[in-house]
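What follows is one structure encoded as C-alpha cells, with my remarks underneath.
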Amino acid sequence: MTIKFRFAAPLALALGLAVSSLAVSTPPAKASGGDTPHLQEWSFAGFLGQYDKDQLRRGFKVFQTVCVSCHTLDKVAFRNLAEPGGPELPLDEVQQIAAGWPIQVKDINDKGDPIERAPRLADRFPSQYPNEEAARVMHNGALPPDQSVIAKARTFQRGFPWWVTDIFTQYNENGVDYIVALLNGYEDAPEGFKVPDGSFYNKYFPGHIIGMAPPLADGLITYGDGTPETQFQYSKDVAAFLMWAAEPTLDVRKRIGWYVLGFLVIFAGLLYATKWTVWRQVKGHA
Amino acid sequence: MSGHSSYQPRTGIERWLDTRLPIVRMIYDQFVAFPVPKNINYAYAFGAILAVFLIVQIVSGVVLAMHYIPHETMAFASIEHIMRDVNYGWLIRYIHMNGASFFFFAVYVHTFRGMYYGSYKEPREILWILGVIILILMMATAFMGYVLPWGQMSFWGATVITNLFSAIPFIGDPIVTWLWGGYAVGNPTLTRFYSLHYLLPFVIVGVVILHVWALHVTGQTNPDNVDPKTPDDTVHFTPFALTKDAFAIGLCFIAFAWFVFYVPNYLGHADNYVPANPGVTPAHIVPEWYLLPFYAILRAVPDKLGGVIAMFGALIVLIFLPWLDGSKVKSAAYRPWYRVFFWIFVADCIFLGWLGAMPAEGIYPTLSQVGTAWYFAHFFIIIPALGYFEKPKPLPESISEAVRLRHERPSLYARLMNR
Amino acid sequence: MASSDTAESTRRDFLYVATAAMGAVGVAAVAWPFIHQMNPDAATIAAGAPIDLDLSPVAEGQIIRVFWRGKPIFVRHRTPKEIADEQNTDLASLIDPAPDSARVKPGKEQWLVVYASCTHLGCIPLGHQGDWGGWFCPCHGSAYDTAGRVRRGPAPLNLPLPPYEFVENTKIRIGAGASA
C-alpha cells in the first residue's frame, strides 16, 4: 500500500487545494474597494437549502414597489412567478399582476401598427427604457443594472481559509450577502471623502460612490403578515427574490442532487466491492 | 504489447465478421485481453477518467449547441434561456461548465503522473508528444468555449488572449485583425469561435485515438520501472484495470456531482454573469483557474513578445522532455533526487497558478519571475543534470518480484527504497 | 470445499450483476435529461397560450390564415350554398366520413376553423380550388371540400380541427382548453 499512495494521494490533494485556491483567490472585480459584507442566514443555503416561498413573495413585493422604478428584470417572465420553486403565486393573481404592470410591452397589432399593450404571462418583464443611452441620460450617467442575474454577478473576496471550506460548506451566497450589505450600507462619507452631487456614499460599494439613492426605509412597504417592516427585512427579502430570479432552478437542482449523490455513493461502494473481488485473484493484491 | 491475437471467434457470425471487419478481435485484443502491469496504482486511472470526461463534454456540448445562439446580441440571453426554460438546461450547462474544470484537473494529474513515472521516455516519445498536442488543443477549445456566453470575462478574455498575437513582429497586427474578423472582438469573432469550439473536440478525439494506439503499441509504464517480462507480471485489462478505473471514475463523479449540484458557480467568475460591454473592462481580468500558471508566466516577462514566447514556450518545452532527460531509469520511485525536484516542480506550477490570479503589481511580478525561472530551470538545468549525477536505487528483477517484496518483506523493501 | 466455492461464486456473480445493473440504471437516469431537453421548452409552451381572433372583418366566402403554436390555421366564412351542399353530402362517399355538423360549432355553421396542413405530408392546400371547391393541395393533388373533408387522396384524413370556442358572437379563442 505504501507505494500505491506515494504518488496519487499527495498529488490529488495538492492539485485539489490548488484548484480551489486559484478559483477563489481571484480578486473579485465588483467588491474591491468596498468593505466585506456580513454573512446572513438564508433558507436556500447549504445541502438541504430551499427557497422560502413567503420570503420570495415579500421580496417580489419590495421589487415591485421600489426597484422596478429604475431597474429592469428582462430575463424573468411573469409566468415564472407562478411556477414551482419560486414565489408560487396563484396563476390568476399573476395574470392580474401582468395586466396591471406599470410598464407596457411593445408589440405590433393586426394592421401592422406598433402598439403598447399590457404584458401577458409568457412575456418577460418589459424594460422601461428604449435603450441603454436613454437609461443613462435618465440616471445622471449611471446605468441601473438589469436585476435578472445580479445575485450571481456580484461577489466579494472570502479570503483564506474560507475559500477552502466554502467547497465543503457549500457557501454560495456571496451575491445575496453583498446585496443585503449594499442596501444597508449607506452612511455619511468619512471626513474629507468627496462625494459628487447626485451620488451617495456606500460602505460596501466598490469605490464607495454609488449612483443609486438609498432605496429602502423602515415602513416603506406593508407586508400585513406580521413580518417586521424594517429596512433590513426588506433588503433580505428582496435579495432572496433576486437570488431566485438569478437561479430559479435552485430548489430542483438541490433536490436532484440528493438522489444523485446518494446513488453515486452506493454505486461507488459496489464498484469498490467489485474491484476488490476481482483483484483478490491477483497475487500480492488484496 | 501488440503481439499476436488471442481472440477465438466462437459463433458462425463472429467468424463471418472476423474475416471481413475484425472489429470484435480488435476490441478483444485491445480492451479485454490487453496486458496491463499488475502493479499500476490509481494515478493510472486518470487516462480512463479523461476519456469519460471527453465524452461528457462532447455530449453535453452537442446538446447545448441545440439551444445556444452565437450572436453578440443574443448569446448571453440564450444562455439564460438554457438556464431557465430548456428542460434540464441548467443541469446540462452546469455539467459542461464544471466538466471543463474536471477535465483539466484530470489532465494535469495525468501529465504529472507521466512525468513522475517517466512515461515520456523511450520508447514512448510519440505517445507523450501526442499527449502534449491534446493538452494544447484542450486549452484552445476551453478558451474559445469560455468566450461563448458573451459575458464580461468572455469578451475581455478574448480581447486579451487574441492580442497576444499582436506581439509577433511585422505581421502581428494583421493577424489579430484576421482573428477578430473586424477591428475589435465582435460578432464575427464570436461566430468563428463557436464554429471552432464545436470542431476542436472532434480533433481531440482523433488525436486521442492516436494516443491510445501509441499506448497500446508500447504498453503502459508502471511504478516499479521494469517492463513486464512474464505473463505473471500483467493482468488483463478486463476485468482488472476496468474495475479499478470504474471505481476511480465513480469517486470522481461524486466530486463532480458535488460541484454541479451544490457549488456550480464556485469555479467560475461572477463577472461572466454581466453581459459583455466593450466600453468597460472589469477591474481584474483573469482566465479560468486551469490557465493561470501560463498567465503568470506571460506576465512575468516585462517584454511583450518575450512574455508571449515564454508562455507558449512553457507548453512547447514539454515536447522536448524525452530528450532533455538522460536518465535511463523511468520511475521516480527509484530516483531519489528526481522525486524531490518533481514535487518542487508541482509546487512551482501551483505557485504560478496562485500568482496568475494575483494583480500584476507589488511583489507579485517579482515572485512570478522567480516561479517562471524555476519552471524553465527544471527542464533545462535540473532534469539534464540529474541524468548525469543522480544515483538511482536498485531496480527490482521484475514486477512480480517488487510486488512480492512489498507484501512479504515490507521492512526489507522499505530499507531498500530508503537507502 | 466444492460447495463453499459455489456459494462464493454465486455471491460474486450477484455482486457483478448488482453493480452492472446499478450502472445501467445510472446511465438510463442520465439519459433522460438529455432526451427531455429536446421537448418544447417552458418559453415555447408559455407562448402557446390561447389567442383571440375577431371574425367580424372576414367577409362571406373569404378564407383567412392565422398562426397558433407555429401552425397555420384556416378560418373560412362559408356561404349558405356551401353549407347546404356539405350538409347534404352522402357520408358513404367520403374517405374519412364525418357529418358537416361535426366540423363546425352548432349555430355557427358559417365558420369553419381547420388546421391548414394537408393530412398527407403537411403542405398548405390552396383555398377555393379543386373539384369540390374547398381546398386543393398543390404538392400531391389531394382535394378537400368546404367542410375541410378529404374527397380525393392521397391524403387519408380530413383537415384536423384545432381546439377553439366562441367567446362572443364573432370572436373565437383558438387553443381554449388545449393541453400544454
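Worth a mention:
When the chains are written out, they are named A, B and C in that same order, and each has its own residue count from 1.
The criterion applied here is as follows: a residue touches a chain if its C-beta (ideal position, glycine included) is under 8 Å from a C-beta of that chain, and two chains touch if they have at least 3 such contacts.
Computed from a predicted model, the values in this text were never measured in an experiment.
Summarising the inter-chain layout, the chain whose CA centre lies farthest from the centre of chain A is C. By count of C-beta pairs in contact, A-B exceeds the other of the chain pairs A-B and A-C. Remark: chain B and chain C have CA centroids separated by 51 Å (rounded to whole angstrom).
Chain centres here are Cα means. That of chain A falls 32 Å from that of chain B. Spacing of chain A relative to chain C, judged by their CA centroids, is 41 angstrom. Shared contact sites, meaning residues of chain C that touch two or more other chains, fall at 42-43. Each of residues 84, 91 in chain B touches at least two other chains.
Residue positions of chain A with contacts to 2 or more other chains are 264, 267, 271, 274. By the touch criterion stated above, chain B contacts chain A in their complex at residues 38, 41-43, 77, 80, 83-84, 90-91, 94, 101, 105, 108-109, 112-113, 116-117, 223-224, 232, 235, 239-240, 243-244, 246-247, 250-251, 253-254, 257-258, 260-267, 269-271, 273-275, 282-284, 286, 289-290, 292, 332-333, 343, 346-347, 349-350, 353-354, 356-359, 400, 403-404, 406-407, 410, 414.
For chain A in complex with chain B, the touching residues are 2-8, 10-12, 14-30, 32, 47, 75-76, 80, 145-146, 148-149, 152-155, 166-167, 170, 172, 174-175, 206, 246, 248-249, 253-254, 256-257, 260-261, 264-265, 267-268, 271-272, 274-275, 278-279, 282-285. Those residues of chain C whose C-beta lies close enough to touch chain A in the complex are 12, 15-16, 18-19, 22-23, 26, 29, 42-43, 46-47, 49. Chain contact summary for the complex, chain C toward chain B: residues 33-34, 36-39, 41-44.
Of all residues in chain A, those touching chain C in their complex are 77, 79, 83, 120-122, 263-264, 266-267, 270-271, 273-274, 277.
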